[in-house]
Each structure stands twice: as structure tokens, then as C-alpha cells.
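What follows is a pair of complexes built around chain A, which joins chain B in one and chain C in the other.
Moving on to the complex of A and B:
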């Protein structure tokens, strides 16, 4: 059905033309699910967008051939391509919030492709859209039809995207990281939905993802990409069990797979470093300038736990469960809180999720690192830069990075700088808020190893906030599970993973694919 | 209902403050209605008699609140200099200023929206760049100077209108409109250039967003993507600007009325200030303040119509 051969994509910038995809080949047969995996910047999305006819920028040169149902997509006129887009080939994108038009109703957007390609009356369109919404398991589709994207949850939005893509019953569905922006339990539901659609409607799916675990469960064949080239392709069986290329092996071994990177460090005397007692936090919900009677929303409810010196605790839960708010409350970054927080150490520090937004782009790494010392005062220039160099080398970056600006660093390097920055004042407690979520798997592994090193060598306790149970398993010795602002369960890793008490913990583990049996050899 | 009440509250407070400031300003500047009417050579006795007659000897707050009370019931008082009812003076001039303002505003919208859409579509063509430069130039010309240029080009060279030959609406409505086209154009041009630029930038940044890619993936043509998806999103910031512009046009028309000798609120306001004619000045300022607030209210409502994210549940 789809046969891509020798696809080259070149970006003709004003400076040097850069080929971003080389010799890309892929075939998809009717009813098949094929995966493309690779890290960010590997060219996987670019290739998929080329197939969907979405690389129309004048400065992008495409060579090779994309045959779809016996027609050459690359050379056909735009008008013919538009007939195929949305009708025979449909796309689901990564970020369902931004990929939907914010000022159009859900119904309008689900109907759109049918309005363009079919000739249905308004009532028929509406009926078809509501049927489709029901088909992707949206409750009360008649009501949702009149809603706007911002009124729906992330998972609902992605279902709407899928409904809108499937409305014309396309032969090929291109799913570009469709679950990356979603919580783990929602992720599992969307994957189930895609499987069901494939089975019931026979829609072929081209599934693009950085998540090898997902590709393995969903796809029959897989293409591995790195730096714009295909490194390996074959059946899922072949590629995952008998990888031939070094890069593929490395990628597979970097998949978080419920495996301990390090055993819990021995704690000789359990001296507390932090006590959280009945802490609640609320946000004022601002309902508008003319509504000063703002409603309050309780984000953290009555949380209590104790943290000991030198330990790594995992704080897990889905987005919106209040885990970040609890982290901020502990550091005193919020005003409206109740309860008692006792710190037994000075200057606890925080590391944030997004290493791109956390560093001032106009300053050098050296300047950024020295800032806490400058603010604290009492250090000479030499002492400051000496300390900055020391921390840089600890996180594995050499002195030349002192003069660079954040823009010149990769995501992983930036997160290393953020860790070095958190260590500048010699804290005994670090709160790391999703520090690896924005990073590729191979880089993720390196940053986790670095955090373990910091913990071991400097004895820094880490409160590791994450939605990813696999990552948490790798380095945490105790786990706290949060749901809707409440701590529903806490215990040692052994207790939480192998003997979960709360139904929510069980559900999380199930969605993450954890069973005690799979524990030894992974995924 | 609550929102309506709050808006009404803001409305009243703003009118109160603006008129109070005008009253205070008149207290501070030298001279009053009596000296303005009798001239500098008037005897102190004559002045005090007239002051008594006009009610100027009463304390400041008594004068202010008595004015406010009458105004609230539609009585704007009597002009000190002309001795006629302010209400009838303003009523006869209202159609002139209102027509000038609305005509300018329509020109801003009619010029800027199509030009903004077209220049964003052909963003990298030379013609689009030339329009940008012209726009930049237009923005930097002060309105009164633009008024002089318009008078010179359209009046003296092209003879499309007779400068100074204003015809009132009750004499010949067609000629009245024909004359106002040119001052409106002088007011509208810089605003239209700004609005064009804003719309163009807004469209260009909207076009980079993810939902545009989704729209293409469903088989929309470039034209459909623009009119069915991008424009409604891109127009939102422009609406705010147009709201502010409308308020600004009211102020701008006061100046342009001088340049084109149009007997509207602008000229009346300026003569009334030099005559220390409180009653007229107060009424005009209060009316303009109310107009501006009403315009803002309309913008707020439009905003909620256009952007569902701003609607309350």
C-alpha cells in the first residue's frame, strides 16, 4: 500500500544545505502496524510528515519516491495530494492541545475531513461525528460535540484527534508520538484503542515513537532511525531479540525496565533530613478580573512523610496529582499552605523538568553557576569560579563549558548544568522535579547515573518526583504514591512494587507494564 | 448578572473621576467664566455680580455635585458663554463627530484586514516588503500633519473636495459625507498601518502553530487554512487594538476637526476651554469618557464571542 524508497530530505537554509533524512525506505501493507523508533532529531517525524505531504516548505527538497496505492505522492499536483490527505492518509499528532484549533468546537473539527472529502448534509455530518466520538470511547459524545478543546482532558483530546483522523475511514493512519504527552494510564488506553481500530477497521498504522517498549507491544515491524538514517529494520522479534547494530543494542539496553541501577545505599543511622506533617497547599483559582471572590482549589491534602539523610525517595503520580506542588511547598515557594515542614538541612535545592526553560539563555554557564554564590556573598571571584569548575567536572563537563551559553548545549548537557547549579551551595537535600522526562532514553540513563553518583559521593538526599515508574524503580529505595492531592500509599520499593495495597498503585503498575514475573529480564 | 453590575460600577466610577478631574483643573487654571465673558477690563463689581448670577461663588463640591446631579437626569446645564442649553448645542454637533469617528474606524478595518491577510500570504514577495515600508512611514506621521498633506493632495491638486467647504448634514447629507471622507482618511491611515502590521505578525505566528499542520493534514487548501482556521485565531489580538484605536480616533478627531474646519465636538471643546465654559467642557468630556467605556465593553463581549477560552462556565 505504501512504499517509500530512497527518500532524502534536504533543508536549504540560507547557509549550508543540510540533509536531514538519508536513504529512507519503508513499506506498509494494508492492515499492518509498522513502527519508526529513534531519539529526538533522528528524522523519524520528518520522514512521517513527508509521507503525509506536510513538508511543503519551499526550502525543503525531497528526493526519492513515496508510492501510495500506485500513485507517486512526491510528484503529484497539490490538488490531487489534498484529495488523499485526510481521506486516505490521516495523521494524529503528539500534542493534542496545540494540534486542535482552540476556537473551533470539537464537532466541527471531527467533521472537518468529511466535510472536505465527502458530500454529507449537516445532519449526516453531525451523526457521523457523534458515532465516531462514541467509537473512540468518549462518554456523552452529544455533549462533547459542542465543547471546545480547552474544556477536555489530555486523554479526551487525543481521542478527539483520533476520531477526527478516522472520520473518513483512512487506509493509513500516521500516529506521530500520539501518547508521549499523556499520563501512563491514559497512554495504555490510547494504545488499546489504536490496536482495536487496527483490528476492527483494518486501518494500517505507521507508529512513530521514541518509546521502544510501546513499539514492541504494538507493532509487527519496526524501523530504527539515528541521525537521519535507518540503522536497522525488521520484524519486532528480530530487532528486539537479535539486534545487529551497536546503536540498536544501546537503545534497547537504555530502556527503563524495572531494573535497579544501584541498590539502596546503606543508611547507618536514620537521621531525618526533612519532616512533612499534615501539609496542605491550595491555589487560588482566578476566575476573572471582575470576580474577586476567587475560588480556592486544594492541590495537596494533608501530606505527611519523613525523609532521612542520604536516601532517594520517589514521589510518583500522574499529571495534576499535586506532586510538583508538594515539592514547591517543601521549598517554601508557595504562600497558601498549612501544616508543618521541618528542615534539618540548609538550603535545599530544586531541579526542574525543562532544562531549556530553566537556564537564562543570555548568560554563560559559568555566570549561571556562580550566581548563587554571588547572591549569598562572601566569596572571591576566584573561589566562585573554582567552585563552579569543581561542580562542572563532577557532573562530567569540562572547563570549556564555563564560557558557553545554554543555547550551545544539548538537553542532557543542560540538565547536567542544572544539577551542578543545584549543588553549588552544598545542599544535603535536592528536590528533582521530573528531571529526565524531557530527555531521550540514552541521555535519561546518563542523567540518572549522575544523580546516583551525586547521592553516593556527596551524600545528598534526593526527592525524585516522576510519573515514570520504571525510572523511579531504577534509583529509589522508598516510594510515595500520590493521587488527586493525597498520598495514597508509601513504603519501600519492595513493598510498593511487589505488594501494592492501594488499587491506584496497582493500576499504575499495570499501566506501566510491571509484573513481578517480568522483573528479572525487563520490559 | 454579576459581571454586568461590575461593569456598570466601573462605568460610573470612571465618569465620576474624569469629571472631577476636569472640575479640579478648572479650579487650578487662572480665570473663570465671568472674566472670560466680560474681558480683562471689567470692574470687580460687575464680575462679582456675574459670578453670583452664574453660581460660581458656591463652594467647589456644591458646584460639582449639583452639576453631577443634573447631568444624571439629562440636564447638562447652560453654556456660560452662549447662554443656550448645552444639551441642544451638543445634540446638533453629535452627528458630525460621530460620523467622522465611525467613518475613520470603518476605514481602519476595511483597509487593514485585507491588506494584513494579503501581505502575510505573500510575505516574501517584494511588493509585500514595499507595503511594509509604506506602513512604517505612515505610522510615524502625526495626524495633523497628515491632515495637511491630505488637504494639499486631494483638495489643492486633485480638487476632490474644497478645503474649508464643510457642508452640514442637515443641508446636504451626501455632500456632508463626501467632505468627511478626507478628514476620516487622515485619521484612519496611521491606525490602519498599525492594525495591518499587527494582523500580519499575528497571522505569521499563528501559521507556525500545530493546529495549522493538523488542518493541512485533513486536506485543506492554503486558502481554507487561512479563512477557516488561522484568521479567527489571529484576529483576537487585533480586536483589542481596534478597541483602543476607536477610543483614540475620538481623541484624534478633535485635532483633525481643527485642520479641516469641521464644527464638531473638537472645535467646540477648544473654544469652550478658552472661554472657561465649564458646562460645555464637562459635558463633552463626560460623553467621551462614556463612549470609551462603552467601546471597551463591546470589545470585551467580542472577545468572549471569538475566543471560547475566555468564556466562563
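Moving on to the complex of A and C:
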């Protein structure tokens, strides 16, 4: 049905025209699910967008051939391409927040493709849209039909996107990281939905993802991309069980798969480093002179736990459950809090999620690292830069990085600098807020290893905030589970993973694919 | 190297054309002030409205003063006034913007309401009020225009501070125990430079026009001192008999403004 051969994509809008995709070949047969995997910047989305005809013909030069149902997409006139787009080929994008138009109702957006390609009466359009919404498992589709995107959750929006893509019954659905922005439990539901649609309607799916675990559960064939080239392709069994290329092996070994990177080192006398007692935090809604008595929203409710020296605790939960807020509350970054927080160490530090926002873009790495000592005072220039170099080498970066600015660093390098920065004052407690979520899997593993090294060598206790149970399993010895602002369960990793008590914990583990309880090596 | 420059030029032609125009104009004025053989104030009845010649490149005005020498001095005065005005605006605007944007709350409310009050008046009108209170003269023009310019810079800096104050690197500086002043001026301020710079250049433009306007109305620079607005005002009386006087002066203002406009756009694009 779809046959791409020898596709090259060149970006012309830059100093030296840059070829971002080389020799790309892929075939998709009717009713098949094919995955394209690769890290960010590997050219996987670019290739998929070229197939969907979404790349500007002016700025992106394409060579090769994209045959769809016997027609050449690359050379066909714009008007014919428009007939195919949205009718025979449909696309679901990654970001459900921006891919729906905020000023149009859900119904209108689901109908749009049908309105363009078919000629139906308003009645028929509405019926078809509601049927489609029901098909993607949206409750009360008659009501949702009249709602606007901001009234729906991320998972609901992604369902609406899928409904809008499927309304014309396309032969090929291109799904570009459709679940990346969603929580694990929602992610699992969307994957199930895609599977069902493929089975019931026979829609072929081209599934683009950086998540090899997902590709493995969903696709029958897979193409692995790296730096704009296909490194390997074949059936999922072939590629995952007998990878031929080094890069593929590396990718597969980097899939977080519920294994311990390092066993917890038992601490002989467990001295507490942090006590959190009945802590609550609330955010005020925007206040003004005209609406006094502002509404308050409790984000953390009565959280209590104790943390001991040198341990790594995982704080898990889905987005919006209050885990980041709890972390900030512990460090005294919020005003409106109740309860008691006792610190037994000085100057606890924080590592933030987004490595692009956490380093001042106008300063050099050296300046940034020396700043805490400058603020503290009492260090000579030589001592400051010596200490900065020492920390830099601890996190695996050499001296040449001292003079670089954050712009010149990759995400992983930035996160290393952030860790070095957090260590400058020699804290005994670090709160790491989703420190690896923004990174590619292979880089993720390196940063996790670094955190373990920091924990072992310097005895720093780490409160590791994450939504990813696999990553948490790799390094944490105790786990705290949060839901809607409350701590629902806490215990050792053994207790939480192998004998979860709270139904929510069970659900989380199930969605994360932790089914083989007795077999720690399973994916 | 040349190719790289050519590429940069194609990406942002405004920046380079604007920089070239302002650079050349500034150079001509400096050359005129330093090297012109004529005293810009020296009158010579015999060369009244003399046509351009080798002796007087641009000719002479109604008192027989060399137009090129006067234009150079006038342009330099105008530019000096503009620079000082923008400096006052940027300095005080940055301080007010930093305080209001960073602290918010009562500080923000009080200072910004003053700001709004100043912004509520048309700037020329407000400057006129200041002049009529303080009296006229080059320094008085600078101060009154400077005050008028503060609010717009304060707003720009304020919004930049509000954007930056919740970024993670600022949070992390706070966790290290940095004091507010240090966070404001060492951590946040450098990040506002691109935005402030481009609006400073545009402010520069407005200052040139405002000075010209005030001097034209007779409340700015006082004779015999020369400025572009002052000269345009003089030329007005001879608009029909000797149009070249007004045209040359007007064109100088237009070229300077054009140069700064392009430069400002280019910087904005670069930011």
C-alpha cells in the first residue's frame, strides 16, 4: 500500500544545505502496524511527515519515491495531494494540547475532514462524528461534541485527535509519538485503542516513537533510525531478539526494564536527614481587588515521611498528583504551606526536570558552577575554579566545558552540569525532580548511573521524583506513591513492586508493564 | 568568511543596512564638527543662501552660515540629546522594571500606577509641561524627555523580569542563598539585554523625533545653538523661496530615523 524507496530529505533553509534523512525505505501493507523508532533528532518524524506530505516543498528538498496506492506522492500536484491528505492518510500528533484548535468545538474538529472530503448534510456529519467519538471510547459523546478542547484532559484530547483522524476511514494512520505527552495509565489505554482500531477497521498504522517498549507491544515490523539513516529493520521478533547492529543493541539494552542498576547499600545507623510531618501545600488562584476571598486548591494533603542519610527514595505518581509541589515545599520554595519539615542537613539542593531552563543562558558553565561559592563567600578565585573543575570531572565532563555556554551543550551534558552545580556546596540531600524525563533513553541511563555514583561516593541522599516506575526501580530503595495530593502508599522497593497494597499502586504497575513480578528481567 | 557574512546579511539585512546608515551618518557628523573650516555660528551676509559649491558643500542658510557645518553640529546635538534621553530612560526604567517585576505585589502596584499616570499623557505634551516648569535649554530638554521615556522601558523590563523570575536557574540561585539584589542584577538582568537593546534603539528614534519636534516648536534647543529641529524651524520661513534648506535638513532627520528603525528591527530579529 505504501512504499517508500530511497527517500532523501534536505533542508535548504540553512547555511549549508543539510541532508537530514538518507536512503529511507519502508513498506506498509494494508492492515499492518509498522514502527519507526529512534532518539530525538534521528529523522523519524521528518520521514513520517514527508510521507504525510507535511513538509514544505520549497524549503525541504526531497529525492526518492513515495508510492501510495500506486500513485507517486512526491511529484503529484498539490490539489491531488490534498484529496489524499485527511481522507486516505491521516496524522495524529504528539502534543494533544496544541494540535486541537482552542476556539472550535470538539464536534466541529472531528467533522472537519469529512466536511472537506465528503459531502454530507449537517445531520449526517454530526451523527458520524458522535459515532466516531463513541468508537474511540469517549463517554457521553453527545455532550463532549459541544465542548471545547480546554474542557478535556490530555488523554481525552488525544482520543479526540484519533477520532478526527479516523473520521474519513483512512487507509493509513500516521501516529507521531501519540502517547509521549501522556501519563502511563492513559498511555496504555491509547495503545489498546490503536490496537483495537487496527483490528476492527483494518487501518494500517505507522507508529513513530522513541519508546521501544511501546513499539514492541504494538507493532509487527519495526525500522530503527539513527542520525537520519535506517540502521536496522525487520520484524519485531528479529530486531528485538536478534539485533544485528551495535546501535540497536545499545538502544534495546537501554530500555528501562525493571532491573536494579545497583543494590541498595545498607546504612548501619539510620540517622534521619529529613522529616516531613503532616505537610500540606496550596496554590492560590489568581487574586485581584474584585474577587477577594480567593479560592484555594490543596495540592499536597497531609504528607508525612522520613528520609535517612544516604538513601535514594523514589516519589512516584502521575502528572498533577502534587509530587513536584511536595518537593518544592520541602525546600521552602512555596509560601502557603502547613505542617512541619525538619532538615538535618544544610543547603539541600534541587535538580530540575528541564535541562534547558535550569542553566542561565548568558553565563559560562564555569561561572554558573562557581556562583554558589561566590554567594557563600570566603573562597579565593583559585579555590572556586578548582572546586568547579573537581565537580565537573566528577560528573564526567572535562575542563574545556568551563568556558562553554549552556547553548553549546546537549541535554545530557546540561543535566550533568546541573548535578555538578547541585553538588558544589556539598549538600547531604538533593531533590531531583524528574531529572531524566526530558532525555533520550541512552542518555537517561548515563545520568541515572551518575546519580547512583554521587549517592555512593559522596553519601548524598536523593529524593527522586518521577512518573516512570521503571526508572525508579533502577535506583531507589524506598518508594512513596502519591495520588491527587495524598501519599497512598510507601514502603521498600520489594514491598511496593511485589506486594502493592493500594489499588492505585497496582494500576500504576500494571500500566508500566510490571507484570512478571517474580521475573525481574522481564520487559 | 565572506560567504558567512553574505549568509548573515541575507538572514538579517535590516541589521546591517541600519548599522551602515547610522554609522555613516555619525561619521559624517563627527567629521563635520572636527574638520569643517567654518564656524557653524559665523555669519556672512555675502553668502546668504549660497548654492552648494566647493567652498560650501551644502550651501549656506539665511544668515550665510555654512549649512554642512551647522548640520553636523545640529545633528551631533540632536544625537547627544537622544543618547542621554535613552540612557535616563533605560537606567531608571530598568530599576523600576526590575523592582516591580521581581517583587510584584504592593511595590508593583504603586510604581506601576505612577508609570501608568505618566503614560496616560501624550509624551510631547508632558515634555511641554516640564519645559514650561523648568524652562528651556539643552539639559532641560534631556531631563524632561528622559522622564517621559522611563515608563515604556519600565514596562518592557518588568515583563522580562516576570518571565525570568520563575525559571529554574533563578530558583536554583535562590536555593544557593543568593540575595534578591544579586538575583535581579547578576542572574536575571543579562537575560533582558537583547530585548532592552532593541527597544533602546527604537527609543533612540523616538527621542530624535521628539527633540526635533520640540525644537521645531521653539521649546527645545535655543538659538544660536543648533539642532536638527531648530534648523527645520528656521528653514520653514523660507520653504518657498529656498526649499533646499528645508529639504536637506528634513532629509537628514529622515535618514537618521530610517537608520535607527532598521537597526532596531534587526536587533529585534536577532534577539
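One rule holds for everything that comes next: the second predicted complex is superposed on the first by the 511 of 523 C-alpha atoms of A that agree within 3 Å, B and C clash if a C-alpha of one lies under 4 Å from a C-alpha of the other, contacts with A are read in each partner's own complex, and residues count from 1 in each chain.
One rule holds in what follows: a residue touches a chain if its C-beta (ideal position, glycine included) is under 8 Å from a C-beta of that chain, and two chains touch if they have at least 3 such contacts.
Computed from a predicted model, the values in this text were never measured in an experiment.
Once chain A of one complex is fitted onto chain A of the other, the partner contacts of A:352 are limited to chain C, with no touch recorded for chain B. Applying the stated contact rule after C-alpha superposition, one finds that A:488 touches neither chain B nor chain C.
When the two complexes are overlaid on their common chain A, residue A:193 makes contact with neither chain B nor chain C. With both structures placed on the common chain, the touch criterion links A:85 to chain B but leaves chain C unconnected. Set against each other, chain B and chain C differ in how many residues of chain A they touch, and the higher count belongs to B.
Of the two partner chains placed by the overlay, neither chain B nor chain C lies in contact with A:1.
After overlaying the two complexes on the shared chain, residue contacts for A:375 are found with chain C alone; chain B is out of touch.
By the touch criterion defined above, A:120 reaches neither chain B nor chain C. In the superposition on chain A, contact is made by A:421 with chain C only, not with chain B. In the superposition on chain A, A:452 contacts neither chain B nor chain C.
The part of chain C that touches chain A in the complex is made up of residues 4, 7, 167-169, 171-179, 182, 187, 190-191, 193. For chain A in complex with chain C, the touching residues are 15, 331, 333, 347-350, 352, 354, 357-363, 368, 371-372, 375-376, 418, 421-422, 424-425. The touching residues of chain B, when paired with chain A in their complex, are 2-3, 6-7, 209-211, 213-221, 224, 229, 232-233, 306-309, 312. Interface of chain A with chain B (complex): residues 49, 52-54, 56, 82-87, 90-91, 93, 95, 98-105, 112-113, 116-117, 148, 150, 161, 164, 287-288, 290-291.
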